[in-house]
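Okay, so chain A shows up in both of these, paired with chain B first and chain C after.
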Partner chain A sequence: MENAKSWISTRSGGKLVAALAAKSKHLTAEQMAAKQREISVSEFFAKNRHLLGFDNPRKALLTTIKEAVDNSLDACEEAGILPEILVEIHQLEEDRFRVVIEDNGPGIVKAQVPNIFGKLLYGSKFHSRRQSRGQQGIGISAAGLYGQMTTGKGPLIVSKTKRGKAHRFQIQLDSTKNKPVITKDDELDEWHLKHGTRFEINIEARYQRGKGSVDDYIKQTAVANPHARFVYRAPVDEEERVYDRAVKDVPERADEIKPHPYGVELGELMKMLRTTNSRWLSGFLQEEFCRVGPKVAKEIIAKAKLGERSYPSRIAREEADALYRAIQDTKISAPPTTCLSPIGEERIREGLMKECDADFYSVATRPPAVYRGNPFQIEVGIAWSKPGDDRLDVDEKGRIRKTKKKRGTFDTEDLLGNADEPVRLLRFANRVPLLSQQSGCGFTKAVIGTAWKNYGLSQSKGALPLGSAVILIHMASVWVPFTSEAKEAIAPYNEILKEVKLALQEAGRKLGAHIRKNKRVAAEFEKRTYIEKYLPHVGIGLQEILGISDEDREDLVNTLHESMENTRKI
Partner chain B sequence: MENAKSWISTRSGGKLVAALAAKSKHLTAEQMAAKQREISVSEFFAKNRHLLGFDNPRKALLTTIKEAVDNSLDACEEAGILPEILVEIHQLEEDRFRVVIEDNGPGIVKAQVPNIFGKLLYGSKFHSRRQSRGQQGIGISAAGLYGQMTTGKGPLIVSKTKRGKAHRFQIQLDSTKNKPVITKDDELDEWHLKHGTRFEINIEARYQRGKGSVDDYIKQTAVANPHARFVYRAPVDEEERVYDRAVKDVPERADEIKPHPYGVELGELMKMLRTTNSRWLSGFLQEEFCRVGPKVAKEIIAKAKLGERSYPSRIAREEADALYRAIQDTKISAPPTTCLSPIGEERIREGLMKECDADFYSVATRPPAVYRGNPFQIEVGIAWSKPGDDRLDVDEKGRIRKTKKKRGTFDTEDLLGNADEPVRLLRFANRVPLLSQQSGCGFTKAVIGTAWKNYGLSQSKGALPLGSAVILIHMASVWVPFTSEAKEAIAPYNEILKEVKLALQEAGRKLGAHIRKNKRVAAEFEKRTYIEKYLPHVGIGLQEILGISDEDREDLVNTLHESMENTRKI
Partner chain C sequence: MAAKKKASKKTAAKKVTKKKAVAKKTASRKKAATRKAAASDVDATRAELREVALSSIQDVAQGVYKTGHTGGLPQLTMPQRNLANVSYDPKKGYFEMKGNLKTRTLDVNSVKTFAQTLRLMSLAKEMVAEEDFATKREAYYVSKNWGEAKFNEQRESDTVLDDIEGMFSIHDVTRETLRFVPEEHGGSVVGALTVIDRDPETHEEIRSDCAAMGSGAYTVPSSVDHLGFETSAEFVLAIETGGMFQRLNHHRYWRTANCILVEMGGVPTRATRRFVRRLADDLKLPVYAFVDCDPYGVCNIYRTLKVGSGSAAHVNRNFCVPTATFLGVTPDDIEEYGLQDATHPLQPVDVKRAKDALKNDPFFQAHPKWKKALNKMLKMGVRAEQQAFAKWGLNFVIEEYLPRKLRERKKFLP
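Let's turn to the complex of A and B:
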């Protein structure tokens, strides 16, 4: 307003006009122009911190740890190292915590540390087409920024590579410029790891167990990453929890792939034509894209009515448009899927068995598919328990046995809910558990959109099915489309929804068969129990009629009992 | 991989090592460092376009128009101009459209046009604490970027201020640098508007009516902005639809406020201390914050054990922390609410009445509240219709009348659903309708979390209530926390959820009273209908007993009928 007032009084010179301007709150185009300015990406995310998963103190704790652990796992796998990850949470004050994440990864070369931890939108994964947990170059810097905003202190990083010495950085983030400011920078003579990285930050937070907690995250991460070992020290028990590795090979590092022609839009294609090193159009298509050989290139160029030897950089918008249309009209094989690293059916089943003592497990894996040129693959697992505390098993001789279910352990209570409650979803993207935003997630949409009544579960319109069950869904992709930078939910692209539904249907059919069989077994068991009740009386009756001994009567009853069991029809 | 191979063979010189490296896909810390790079904010959003509301062609059309119309309305209101907005959609090819949005706003000064339309994170609203539709400086540039990505052509802008000539820009967005490139720049000798801005872009899109359509958006925007006039030309009917203004005053331009002390975190406070022009701590607190006078400043400083005359820039982290804690411990009045511009109960009621022919309308406004230092205000409106095609009204004499409901108009069909379906939500933030992401929205969460059974609607656990009803919710705030940059849903901050629930309860109580009364009226009507059926027989019976004439009998029946109506108890 001060500005506005002085501006008008200068231009007009009249006191009346100045007085009017002061009274009116309205602005002219020139006044508005003076207010325009650039917004730094750090300022933007500081103000919109819920976009990054820092909505509240509890979630901030989870997000900080998640971002650091994701980076640790990625780095270890890229370097072919079996991950050993330490997570510590120390309570400093009622609402302030120090969080430490340390890994045995390859370490970070000194020159890169400040940018990686102190600059938003900086990283190695955004431009590469390969499956990884991180992809945006935002997460870990955002955690540092959040810590600094809430406690005034930036992150402390120690890192050591195989060849170098351990160096230690204390940095502050200049949010106006989105740049790191180094406040401490020294070399350590000794460090307890041969190589690795340690990230320490003080943050405003709240530690609380239960669904969506750090405990939950570590547990689920261990399930999806059986090759990693976690040591976790939570603030309350002061006792460390160790999640040992179940397998001893690092997952194969996924390949990096070139873009697939179907996933590239006209604008992108024009940009690629301008910046390519290829001198001929045919070479451009073969070198810059995957799945384009000489024959396909020729076909595309002919359809676009262009010359194979045209200079890529001289192609005008209309010609590029023709090329773009020609690509869509040409049959090109699907992108290679060596860039994907799914969890695998066996491991999903094992993970579910470890986490919940269910009556039945069903797993399904879809073949790789493509959305917007990005390969992806969907895996699904279902664990289901029949209502009640007992379980009916059919042994190898076909006999029904009733056993008590194991119950009451920490894990079991958590996962398998009651039969009249919605099933619990476990969502994963590139082996990272998604713990929030369930209702806004494409996976949830796909589960709701599946007709579970066909598979023996009851379900209201537009709701999750009911049952004492867990549904696990994993998406492996070179680019996961999250609904926000916090990477908590999957955007409901149609191609993805379709694949998830197909996988759910496949696992669901097996579940349905089991539930139907279970119902038959239960019915037979009930009938049998009823007859069994009367068998002794039948024995006594026969004894009286035939005049046999007590021993013979018992033999007779046992024989009847056994023959009844062996003639069951299931 | 090429890089990795050559790097290792150079360093080691050995062919064996190079061969091994080529076979192993693993990287060293040094190889990883070479892959680190900066990511431009345009590249980031181009790849994550669903974050901005460009998930699919249909939504892209809506988002493009929404961003432009939001800007037009904001500009008109800032300049005190009654908005006249033209929206045109022309179909160019099956999947390509030209979109035009033109306003009579103050226009944009020439130097600012390229940045406003061609640079993400550039604008005037991000740093100002005042209610406006735009807030991020992303939307309109993102629409341009999307158009360019999908059709190869950037936006065309014509703008004219009162004093200047109309100028025309064609721009391209350089996404690697997040900078506009001007490809055409000329002055028009004549233009049909005295002042205003025209934005034209070609995009890949799909036009389809129904829920979440552009038609829907324009209609709802007209409801929430009754001072604006819209002319809308959709591609199918080729006939323009005009939404005339219902009121003739521009809403008062909302005030800009200083930050409230409660909403500032330690990191922010430290930054403010470093950059302030105030020379004393006491002055700093009074000048940089709202609601801090000499007395409050004195109290804060005493609690922090600091000196009133300390130099702000020399305050260390620990002292700043003490100051921060002292602020939380001091009673400071709520921020001024002149920065808010709610729609108003009367206009919400009128809007609902215009949009749906319901039996009952209930409106509630909460007093302004605060989250993270940001003032906000919640308004709620409910329109409800009883099941069936008839309506029971009680006239001024207390008599029940049954009338046919008006049905079948385009608007009515759309909004009030069937009684056994979930109610329809209309969500608004700063007068902008939110058309997507309903399930992930805090408003939805608040509606689900309200006990509607108390107010006569049936509701399953975790679901929206059922009923032939519309619930409108508006949040007015200096900063709306959206769940993504696309501004489609509200982040569920507790303070906001609480206010929405309180407003819903208030409107809900009135609804509940009406539904109960409605049930009594219906019960009485049924009873009466039943008696009415027998009245003629009573008349005949009395005629036979008393021996009266046919005329007397009719009189008698009429009297009985009337007295029955007049003695009803409701």
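Let's turn to the complex of A and C:
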């Protein structure tokens, strides 16, 4: 909490105060002091809700659902449960919706429910260096706050743990104190789930389909989480949509790691020095960071010209600065990667195959890498659909068969575009789809910076390649560098761009080989239809000149056809 | 066979006319003798040729059928039609085929052409049998009834026809015998020449006096072997452009110079070449070419008139004028007649054409004078048109240039 407050006050509080001060002219320092006070997180949110993804009613709906689903998936995975998630949107009025998200997660113990859903910046994930969807502990309570601010009604939560009974809470958020107020608290005798959590909220929103919609989000989440099952009821649909799971094991839980020395900034380092329990500087370095042993610690301290036995909390600013520089100068091995939980090539393929009816799937995974001391791993998947409605298959005899493509029951229109449109980009960070700000995202930059012409797709300079294709990019990391709190775009760190490009190239090469083969087969097929088209005329010409019978002519054409096909190879 | 008959007949006739000419020439220049040439005797050999054509078509088709039937991939063999496959012997005077053949094996890439070739052969067979004919354009339209195998452009059917023509030239069967006639008519003719034709229906004789065409001209028909001639002219002037032809015709140059003017209109068509050839052979008239001084005029127009072309190598023997010589415009003329400031720079395509001729064209390689002239043209880097003489007055070409050139005929380029 303390951490969160300092973040708010340093980042924006100061500005706000300054803005207030600027309004009324000529104030004394004392007068100013009277107006200077702490700003509550909730108040801050109320004023800056666009930072958290509640800029407009359409996005508010998406963000609310997204935050809830992210939490549900995180909870299920931490508990090793295969997620079953229900998402319902009910339209109450023109611009009023009731949103329901229910999961079969472990449930939340009674005492924590109000805090988790009714207090901003309350959570388990902010301080941990483990890969998870949520990071700040701000999202779900912000959704509740948004609902309360627009409809006057706070969230309703039902949660049941395996052992306990189901509890139902109606919560109001006190936005000045950033505290939950429980207005209703029932114990339910019976609930339809053995364990799980249900979150309901009324919000002002707008439901609209298309790119960046809730439908899109659910579908993309299903692609990146093939182990989860989603049931989705959109307000306009007669029936619910079910996204079944393609794999039946929960992803392995990622380890939690200590920060890597390279990833710590000076301010954070100073804070760590202040709050550590270690008594010696050497011990501090070894205990608070990963990949620092006695030898490395000794090297750092020597470079910083400090004593190994210095008392950490007494290290002054200049000395901390020296320590910070020494860390940057010292060679420290990369952080362990056990904290990462990539989706995995097979799962990406399964996910793509499940939700995109393409002709070819290509997947590539990079080994883990590090940016600013944070380990991360890039995975890429490409689903490519051959233009046109036909599919050409080559059998063992080398004959080419043309078949009409069978379109399944998928609603693939929104994922696979037409061949003359830019490819669809599916960006994921820790399995969460990033739905907006595509153009400002580092992933997009990497896709544009890859030479797709080499891989059989056309591409104009500075643009996404064209083709009926989906390019999926996933970054798994303990800390994903988003460009804003709304978690919509990845900051373009060079290390990340490089890894994404390498992964794209690897998957692209496979795609290119496939497209080339496809073209070869198509060209060969074209040539063979040529034979069928024109060979009969050879027969007619000969028949007219030589006066042979119709049977003779057909015999000859068949013999010639065979002789010609025998000489062809693919 | 036909050629031999024709030749023997004519030499007899010409011996007489020649003697006459020599005698009269000394008496009076103005009253030139009339030379005559009868129409070639086509009818006598027609039946014979028909049989040859029919059996040749039959043979080729039979070959395809047999190979195909026994599981092989049939082939069609034809001469290569390009400059690399011709040789030039100045004594013979025309481009001759060297005998490089190309074979078209039935495969995916050739199946369409293969089918079209056979279907056009079938058309030829029908026409030969029924004594009908088709223009190249008509043959193209006939194909429109072939469904998938139809030609999309006449260029395609022309190529296939040329291939067929080449293929059968090996058996001494010409395109005309296969009853395909060219669409293009020949050039225009004026001057002291009477062309004796026959009405195709009544077979009555029709005489066209090329000196009585007013401001118009006689047009060379697509087939000229049946024509008879009478002339009192002393030479034939083959002119490249219509503009120059009009000027000379308007001022009745053919009367003053006692000659026949032939407008080629660019590269002369087969009919024009054959027509001029007959004037040269049967009437024993010298032929002088008057074309632009540029690589196209020399390397394409004149070369084709004199020795034929690479692509029609199989018919050059009769379709060129080996006795023709080059009156002008020569690179030397540019200097001699002060045309330097009436020239245009050679374009890259001109330079390429001239260099190509020097390197690959057997005709230019056989004539050092031409090599010299072309090199001079390249060195000067300019081209001069026939009409450039207008710089010195519109009729300078009639009053000065042509008379002066004709006084020094030995200086004409070969």
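The definition used in the following text is that the second predicted complex is superposed on the first by the 482 of 570 C-alpha atoms of A that agree within 3 Å, B and C clash if a C-alpha of one lies under 4 Å from a C-alpha of the other, contacts with A are read in each partner's own complex, and residues count from 1 in each chain.
Assume a contact is a pair of C-beta atoms (placed from the backbone, for glycine too) under 8 Å apart; a residue touches a chain by one contact, two chains touch by 3 or more.
Just so it is clear, the model here is predicted, and its values are computed rather than measured.
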| item | value |
| --- | --- |
| Partner chain in contact with A:E299 - chain B first, chain C second, else both or neither | neither |
| Which partner, chain B or chain C, touches more chain A residues | B |
| Partner chain(s) touched by A:E485 [first = chain B, second = chain C, both, neither] | first |
| Contacts of A:L546 with chain B and chain C, given as first, second, both or neither | second |
| First (chain B), second (chain C), both or neither touched by A:Y530 | second |
| First, second, both or neither for A:E506, with chain B first and chain C second | neither |
| Touching partner for A:T559 - first (chain B), second (chain C), both, neither | second |
| Touched partner set for A:E287, first chain B, second chain C, both or neither | neither |
| Residues of chain A that lie at the interface with chain B and also at the interface with chain C | none |
| Touching residues (chain side chain C, partner chain A) in the complex | 57-58, 61-62, 64-65, 68-69, 71-74, 106-109, 111-112, 114-119, 121-122, 125-126, 146-149 |
| Interface residues, chain B side, partner chain A - complex | 1, 24-30, 32-33, 35-41, 43-44, 46-48, 50-51, 55-56, 75, 78-80, 106-109, 111-112, 115-116, 119, 121-124, 126-128, 136-137, 148-153, 161-163, 175, 195, 204, 252-253, 255-256, 265-268, 270-271, 317, 320-321, 422, 437, 439-440, 460, 462-463, 479, 481-485, 489, 491-494 |
| Chain C contact footprint on chain A (complex, rising order) | 527-528, 530-531, 533-538, 540-542, 544-546, 548, 555-556, 559-560, 562-564, 567-568 |
